[in-house]
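Letters are used for the chains, namely A, B and C, taken in the order the chains are written, and counting of residues starts over at 1 for each.
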Amino acid sequence: MRVYYGIDRPVVIQYFNWVKGFFTGNLGYAFHTGTSVARLTENSFPVTLELAIFSTLIGVVLGTLIGLFSASKPGSRRDFIGQFFGLTALAIPSFVLSTTLVAIFADKFHYFPNGFEYATPWHNLSLNLQQMLFPSLVLGIAVAAPVMRTARSSLLETQEKDFVRTAIGKGVKLRRVKFVHVLRNSFNPIVTMTGIQFGYLLGGSVIVEQIFSLPGVGRQVLQGILKREYSTVQSTVMLIACCFVIINLLTDVIYRYVDPRIREND
Amino acid sequence: MTKKSSRKTWFYYYWNSLSGRIGLILLTLLLLGALCSLFHILPYGPLAQDPTAIIKGPSWHHLFGTDQFGRDIFSRVLDGLRRSLSVSVVAVFLATFLGLFIGVTAGYFGGFLDTLAVRLSDIFFAFPAILLALAIVSALGHTWIDTSFAIAIVYTPIFVRVTRGPVLSLKELDYIKATKVLGYSSSRILIKHILPNIMPILLVQVALSLSWAILTESGLSFLGLGTQAPDASLGLMVSDAQSLVSFAWWTLAAPSLFLMLSVVSLNLVGDGLRDSLDPTRKSI
Amino acid sequence: MNPILQVKNLSLQTREDKRLLVDDVSFEIEEGESVGLVGESGSGKTLTALSILGLLPAAVEVKSGEILFKGESISQMSSSALQQIRGNRISMIYQDPMTSLNPMMRIGKQIQEVFDAHEIDDSKEKVIEALRSVEIPNPEEAFSSYPHEFSGGMRQRVMIAMAMILKPNLLLADEPTTALDVTIQKQILNLVKRERQENAMSLLWISHDLGVVSEMVEKVVVMYAGRVAEIGAVKEIFQHPRHPYTNGLIGSIVKRSHQERLLSIPGIPPKPWTIESSCAFADRCPRVQTDCTVQKPAFPTENSHSYSCFHPEGSQS
C-alpha cells in the first residue's frame, strides 16, 4: 500500500501537467509519419465523422423505433422484448460484435471490404460505403441501446400527459396520436441523448476503427500511443474534446429549432 | 432509528423487481466463478498448456474447449473474469471515494472549490471513456494497478456529478439547516445526515459504473494495453480469438459470453436498485 | 323521454390492485338537457365522465356497468368505433387549459385535426370562423399561433371551439372554469351557455362548485366517495335536499343576502374501497344511525328526485 501511495503522488502531478498541456493548443509534429499532426488529423477526422454520422443515424432510428414498440404497451411481452434488446445491445462490447461479424462474413462468406485500403467517398463511393457498413452497424447497435431506453421512458411520460388525452378525446386516430402528438413531444430527451452519443463516437470508436482498419481519429490516437508519439496523442485528444463541446452547443441550437416554446424566448 | 425495518423494505422492493432478481442471481454465480479462480479451485491452471489437447471443441474434459496452446478455455475465462472484476472493482471503488469526496465537499461548501470541481469534471466528461482510459494508460503503464487507476480517473467525474446534485438540494432542506443552527460540525452533518440520503443513488451508479468499467477494461486488454499475455483476460482472449475463430468458434464464444453476462447482470442489478428506490417506475 | 346518455351501474377500479374507485353509478341525460355532476375532489366525478368517452387513465379500468349513447352501448365499443363518436357526437373539455393543448402544434392545426379525424373538409375559413365565435381576438393570427402565446382563458376558448366545431349532441365539461380567474369564469360560462342554445346540445357539467352548477344546469347528480348520493332538479336539490351530504353542501355556499355562517362538514371523505358495507357518509353524518353503518343504502334510480339514504332530511329520525 505504501508503495502504491509512493507512486501515487508523482503520477498525479504528472497528470496535472498533462492536463495543463491540453490548453497550450499548438498541435505538434508526428515524427513517425513525417507529417504534422494537423495534416494527419485533416485526413483522419472526416473518416471518423462519416462513421459517426452513419452510426448515429442507424442508432437513433433503430433505438427510437424499438422504443416506440416497447412503449406502446408497457409491461407487455413486446415491452419485454424491447427492453431485452436494449439490455443485450448494451452488453455486447463493440469488439465482440465486430469480431463476430468479421468471422462470419470475412471467413465464411469471404466478404471483407475493409481488407482493402481505405477509400474516401470521393475516390470510390461504393467501396467507401461498403467499408462503412459493418463498423456503422456495430456502433449503430451500441448507440441504439441508450437511445431506446431514453425514447421509451420519454414516450411513456408523454403518453400520460393531458394533451394526449385531449387528442384522443376529439377523435384523432390512434396512429396519428402516437406519432404526431406523443412522439413529437418526446423528442427533447432523445435529441440530448443523440448529441451525447454522437460526440462520444468522435473518439470512442477507436476499437472499431482499429478492427476495420479505418484511418480515423481514434486510430490515430492509438497509433500515437503504440508508437510513443505523445504529442500526437495529446493534441488529437484535445481536438476531440473541443468537438464534443461544439456538439453540445449544436444540440442546444437544435432544441431551439424543434421546440417552439424555447424559440419564443430568444 | 428505524434502520432495520427500512432495510427490510428496501430489499423487498429490490427482490420484487424481476430485473433485480435475475441480476443478483447471475452476479452471484459469476462472483462464485471468479472466487474459484481466486482460490485456485479451477479444473485446470489458466496457464497450463497441454500439447495433446490443442484446439479441441467443448467436451466433458474441457467445458469450453481449448486454445492453440492446449490451455483450458473455461479455466482461463474464469481467471480472466476474476481479473476483469478485480480491476473494475478497485477502479470503481477509487472513483466512488474520490467522486464522493469531491462531489460532496464541493456541493456542500460551494464557492470556488465547487466551481473548480464542476469545471474539471466537465472537461473529463468531454472525452469518450475508452479514449481517455487509453491516453492515461499510455502515460502510466500496463500493470493492473495502472489500468485500475486509469479507469478510476475516467469514471470519477460521474460520481462527482451524481453526488453533488443531491447534496445541493439536501443542503437547502430545513432539517439540515436546523442541525447547522444547533451547532453540529460540518463533518458530522455530512456523515450522519447527508450521506445516508445519497446512498441509494450512489449504489445504483456503482452498479452501472462497474458494468462500464468491465467493458473499458476488456477494451483496453483487447487493444493490448491492459492485461498482458500469457495472463488470461476476457478482452485479451477475444483478441486472440480473432485468428482462431474460423475453426474454433468457442475461443470467441466463451470470453464473449462471460463478458456479456457480467455486463448484463450488473445492469440488471442497477435496474433493480433503481426500482427499489422508486417502486412506481414502469420497468419489468 | 329520450335519454341521449345513460350511465348504468358503472363501477370503476384500479387496474393493478382492483380497488374500487367508483361504485354502481347510474344517471341519465335527456336530449337537450343539461345535467350537473357535483362532488368534491376524489368523489369520482371526473373518472365517471372520462369513462364515457373511454379516456380513463392507464391505471383505471371499468369493473362493471354500461354506458349507452342514443340507445347504443358505447362502453363495449372498439377503439375505432369510439373514435367516430369522439369530438363528433360527444365532445369533452377539460379542467386545465394550460396542459390540455399540444404545445408543439399551432392552434389552427389542432382544430383542423378534428375535421381531418372525421373526414370532413378542413378549411382554414371554418376554423377562423370558429375562433371568432368563441370571441378570440385576431382569429387569423391566432390560427398560426402556439398555445403558449395565450392565457388560460383564451386557451379554454380554443378548447371550446375545438369541442363544438362539429356540433356534437353532448358536451362533457370537466370543471373548465376551476383553473381560471373569477372574471374569466363568468365569460366562459356564458360562452358555453350560448353555444349550447345555438346548437340544442346536451350538457354534462362537472364541478365541485354548487353555485356555478346551479347557473348552468337543470338537473343535479351529487356524488360522494365514488357513489351517487342524490339526483334531482336543481330547484329541488337547493330547496329540499334529502341527502344529508347535499344538505351540508348547500349549507356551505355563501349566501349573499344573509350573514349566515359558513357551514363545513367535519371530517374527510372515505376511500371508496373501504366502505363496502356501509353508507359512504356514515362517519360524518349528523343524522347517522346504526343501520347506516352496516348496510349500503339503495342507490337512486331515475325518479325525479332520488337519494341513497336511510334517514333523509325531512323524514323522522
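The rule is simple: contacts are C-beta pairs under 8 Å (C-beta built on N, C-alpha and C of every residue); 3 or more make two chains touch, one makes a residue touch a chain.
Since this is a predicted model, take the numbers as computed values, not measurements.
The set of chains in contact with subunit A as well as subunit B is empty.
Placing every chain at the mean of its C-alpha atoms, the farthest one from subunit A is found to be C. Centrality by Cα centroid goes to chain A.
Subunit A and subunit B have Cα centroids lying 22 Å from one another.
Subunit A and subunit C have Cα centroids lying 50 Å from one another.
Averaging Cα coordinates per chain places subunit B and subunit C 54 Å apart. Annotation for subunit A: residues 74 touch two or more other chains. The set of subunit C residues touching two or more other chains is empty. Only residues 4, 7, 11, 14-15, 18-19, 74-75, 79-80, 83, 87-88, 90-96, 99-100, 102-103, 107-108, 156, 199-204, 206-207, 210, 218, 221-222, 225-226, 230, 233, 237, 240-241, 244-245 of subunit A touch subunit B when the two sit together in their complex.
Across the complex, subunit A is touched by residues 53, 55, 57-58, 79, 83-88, 91-92, 94, 96, 99-105, 113-114, 117-118, 146, 148-149, 159, 162-163 of subunit C. Contact residues of subunit A toward subunit C in the complex are 74, 159-163, 165-174, 176, 180-181, 184-185, 259-261, 264. Across the interface of their complex, subunit A is touched by residues 123, 126-132, 134-136, 138-140, 145, 149, 153, 211, 215, 218-219, 222-225, 235, 238-239, 241-242, 245-246, 249, 252, 256, 259-261, 263-264, 267-268, 282-284 of subunit B.
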